[in-house]
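Take a look at the structures listed below.
In the two assemblies presented below, subunit A is common to both, partnered first by subunit B and then by subunit C.
The block that comes next holds the complex of A and B.
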């Protein structure tokens, strides 16, 4: 059984980092790379296992069976991974590996790096825990691990005023959001007396209560905070620019999805499932998604700071993912709902890849030129051709140009929203128009006349260039087989996500009920 | 005379109470599986002894007795021990309490000190980690910078 190694390896790496770093800088970097590479390997094996068998993988901590002796309900912590979880595991470990590889060159001039690598491994660990857990309190613990590691990493450069400011803002907002989630878990425990997600789902299907609905609203509120949806996206626009670039790549590519949209989808589909009015909940999500789409993308157009532009663009892309989840709920059981959900999952993966790439490129530019102001960056295509090419690919992918991976996922969302409700389709298109404007503006700057400042810049060193090249290749290769990926991976993931009865019976085999 | 420590009475009292706090903390940690308390509570109590040392004798004395690297390593040893205890029964499951079920040690009569399988080990590990972590955090804050540059 490979599953626990996804927790054991990063935990071991993080705990042993202070000892390893006594051996010096090289050892610590090598250790971080080895640990994250090993995690990626395990993640690949877990993904392949789940994908090829199409089974929900259940792992019990402490014993062989989750059920107590002589009773038919689970008493232990279970980890429960379906195909959606497996996709998230793979993308989290992949992008985290890229970010750690990139950090070797990027963080060269910083101090306190043993803490940096410990925190980045803890951040990866927290996200992996969130996506694999089947226990509600375990979920909360991993959510806090992820959040606290990211607060610390956002404020990592304590000698800059903006790091501290963004860190404080993120910490206050994030702690309030976490306490909403904890309150929701406490309410559910008080009402149903269990914390296992699948057993809770079974109990809730038998006996839906008002307390369950209050808890649901608290969950939605807290998780929309964490995913950076409008109108609570303000922490994100400060946190992402202030963090070191590999951290921005992880925050924007992974944290807001693992702790935000993934958790939302898991709680809405696997726990609440059919026991609440899905149409109402779906429309609540859709409303927030539309606001997020427009606000995020429109704010991206007017930014002059490259990382702030990318941060607002992340808010806009979260809007697409939320729109997919919302339509998936509101049009539950129809073809449009299924396509929308497949689009949302697909876009999660694609956006993780391309936003990671864009933030790594932005980091390379900042590293070489020391400025984030777009007005001073004109003409870097001349002196940093490889970096600019990577940005070109990333920008084209995020807009949704056909040969790249962003096209297919956005198409699925457009198509389903247009079938479901043409107004939503129109809003999605408007969002993309703003997004296009923002990125064309950046590209226009990059290809413009070289300014004085840009003349002595050059492409970054190998350890920073390699992750960018790998991400570009991933984007192009995924762009070549969009419908195959959608058919073979995303649609089965949707089927497994919607199959709540299977999610329950994977833990409680003899559960019979009208879930 | 400018001094950053406290007066004679406080220092003398601290000399006598620091060992007592430490012993009581160790008692809480090592009896975590029998009485209320455990790794976190005991670790925080022992860290209280460290805080008393810092407050009563001042930062200069603390600087002499506190080595950042040692505490950092102690903390990671605590974490690794916890992880190691969780891995002991890995052939059955992660966190499987194989010491309790199969021995060879810590599987005595429930209620005695050497019972409860991996729990005492984990309590010691957590206690060590909490103690080292809290003391390092407070030492770092105390040593941070002065009020003005």
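The block that comes next holds the complex of A and C.
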């Protein structure tokens, strides 16, 4: 059983970082890389285990069985990892490893690096805790760990005014969102008397109440904040540009998905599932998804700051993922719903890779030139060819060009939305048109006439280039086998996510399906 | 306009929460007898079996350090993160350290 090491290794790494960093700068960089690489290894083993057996992995902390003696309800904290959780675990550890590797070169001129590496490992730990847990209060605890680490990391460059401003904004908005979620958990505990997700789902199926519905609306509100959906995306557009680039890559690639869309999917499908009107909830999500799609992508077109453009584009892509989840709920049980969910999960993975790559490239450009203004960056292709090539691949993938990975996931979402409701399909296409305009504009600048400022620039050093190369390779290789990946990984993940009875019986064996 | 909209939605949320807090429609308070057994079964289990299973006589510490010890570990991590974050943000600015 490898599962506990996913928490043990990053926790040990983070808590021992202050001691290891006494040995000097090289030691702490090496330690952070070793710890995140070991976590990635364990994540690979866990993913392979779950993928090959297709079983929901349940682990009880402190006992052999989650159930108490002589009773049939769980009394301890459980971890419950299905294939969706395993996919998230793998992508979180992979992108976190890339970001830490990149930090060695990128954060060279910064101070306070022992705290930086401690916080980045805790950020990874928090996301792993969220995707592994099967306990509602435990979910909240790890959501807070993740959020607090990201507030501190957004404001890490304290000598810039925007870092502090974005950090304060993010912290106020994020704390309110977290308290919504805590209030929802308190209401559910008051009504049903349990905190275990699967047992709560069983109780809810027996006795749906108005308290459960109020809690659901609070959950949706809080988690839409955390995922940066419109109209509550304003913190994201400030926080992502202000953070150091490896942190923006993690925030944009992972945090808004682990703490936002993943948690939303888990709560909607595994806890609430069939005990609420799925059609209504689905349409609520779809409405927010459509607003997010249009607003995010349209705002990306008019930006002059490269990282702000990428941040708004993240908002737009979250719209696609939410659209997939929303259609998956509204068309539950039909073929279109299944395709939409598969597209949403696939796009989560793809967007984590592409946006991490794009933010790392933006970081390399800022590192070399010291400016984020697009108008001053013209002609970078001449002096930074490798970096520009990486950006070209990332931009083509995010638009959804056929040989790259973004194509398949977006196609699944277009196809299902067109089957479900042609209007939604049209909205999704309009969003992509805006997205294309934004990225083509950046590429025009990059390939334009070299400005004076660009002439002395050169490609960044190896430790910054290596993560970009790995991500480019990942995008191209995933782009070569789109339908195999969707058939072998994403569709089984959807089947496991939709199978609420199985999720419940994995913890409570003698639950007789009432759902 | 936005301010009054925000105020109205706060009022709406308050109304919904008051509705939910009404024992006739939503949450019950001061549970006793059958209600206690039906709705607070986990708490009942901790009180009945806690001393036997964990060996501590204080139920709260039994729960916080044994049954739900992982949450306590998480809370300790939250504190550690908060301290690391606060120390990281209070460090001297880059320019100020060049004097050494």
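Basically, the second predicted complex is superposed on the first by the 514 of 515 C-alpha atoms of A that agree within 3 Å, B and C clash if a C-alpha of one lies under 4 Å from a C-alpha of the other, contacts with A are read in each partner's own complex, and residues count from 1 in each chain.
The rule is simple: a contact is a pair of C-beta atoms (placed from the backbone, for glycine too) under 8 Å apart; a residue touches a chain by one contact, two chains touch by 3 or more.
What you see is a predicted model; the values in this text were computed from it and never measured.
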* To do: With everything superposed onto subunit A, say whether subunit B and subunit C fit together or clash.
  => fit
* Of the partners subunit B and subunit C, which touch A:8 in the superposed model: first, second, both, neither? -> first
* Per the overlay, which chain contacts more subunit A residues, subunit B or subunit C? -> C
* Scan A:145 for contacts with subunit B and subunit C and give back first, second, both or neither. => second
* Once the shared chain is lined up, is A:22 touching subunit B (first), subunit C (second), both, or neither of them? -> first
* So, A:119: does it touch subunit B (first), subunit C (second), both, or neither? -> second
* To do: Rounded to a multiple of 10, tell me what angle the C-alpha centres of subunit B and subunit C make at the one for subunit A, in degrees.
  => 40
* Which of the two partners, first being subunit B and second being subunit C, lies in contact with A:62: first, second, both, or neither? -> both
* Overlay on shared chain A, then closest C-alpha pair between subunit B and subunit C (Å) -> 5
* Structure fact -> subunit A residues contacting subunit B in one complex and subunit C in the other 11, 14-15, 61-62
* **Contacting residues of subunit B [partner subunit A, same complex]** => 69, 72-73, 75-77, 79-80, 83, 87, 90, 92-97
* Asked: In the complex formed with subunit A, which residues of subunit C make contact?
  -> 16-17, 19-20, 25-27, 38-43, 45-46, 49, 53, 66-71, 73-75, 77-78, 80-82, 84-89, 91-95, 97
* Any idea which subunit A residues touch subunit B in the complex? -> 4, 7-8, 11-12, 14-19, 22, 59-64, 114
* In the complex formed with subunit C, which residues of subunit A make contact? -> 11, 14-15, 61-62, 68-69, 71, 73, 75-77, 109-112, 115-116, 118-119, 122, 125, 129, 137-138, 141-142, 144-145, 148-149, 151-153, 155-156, 158-159, 167, 187, 190-195, 209-211, 214
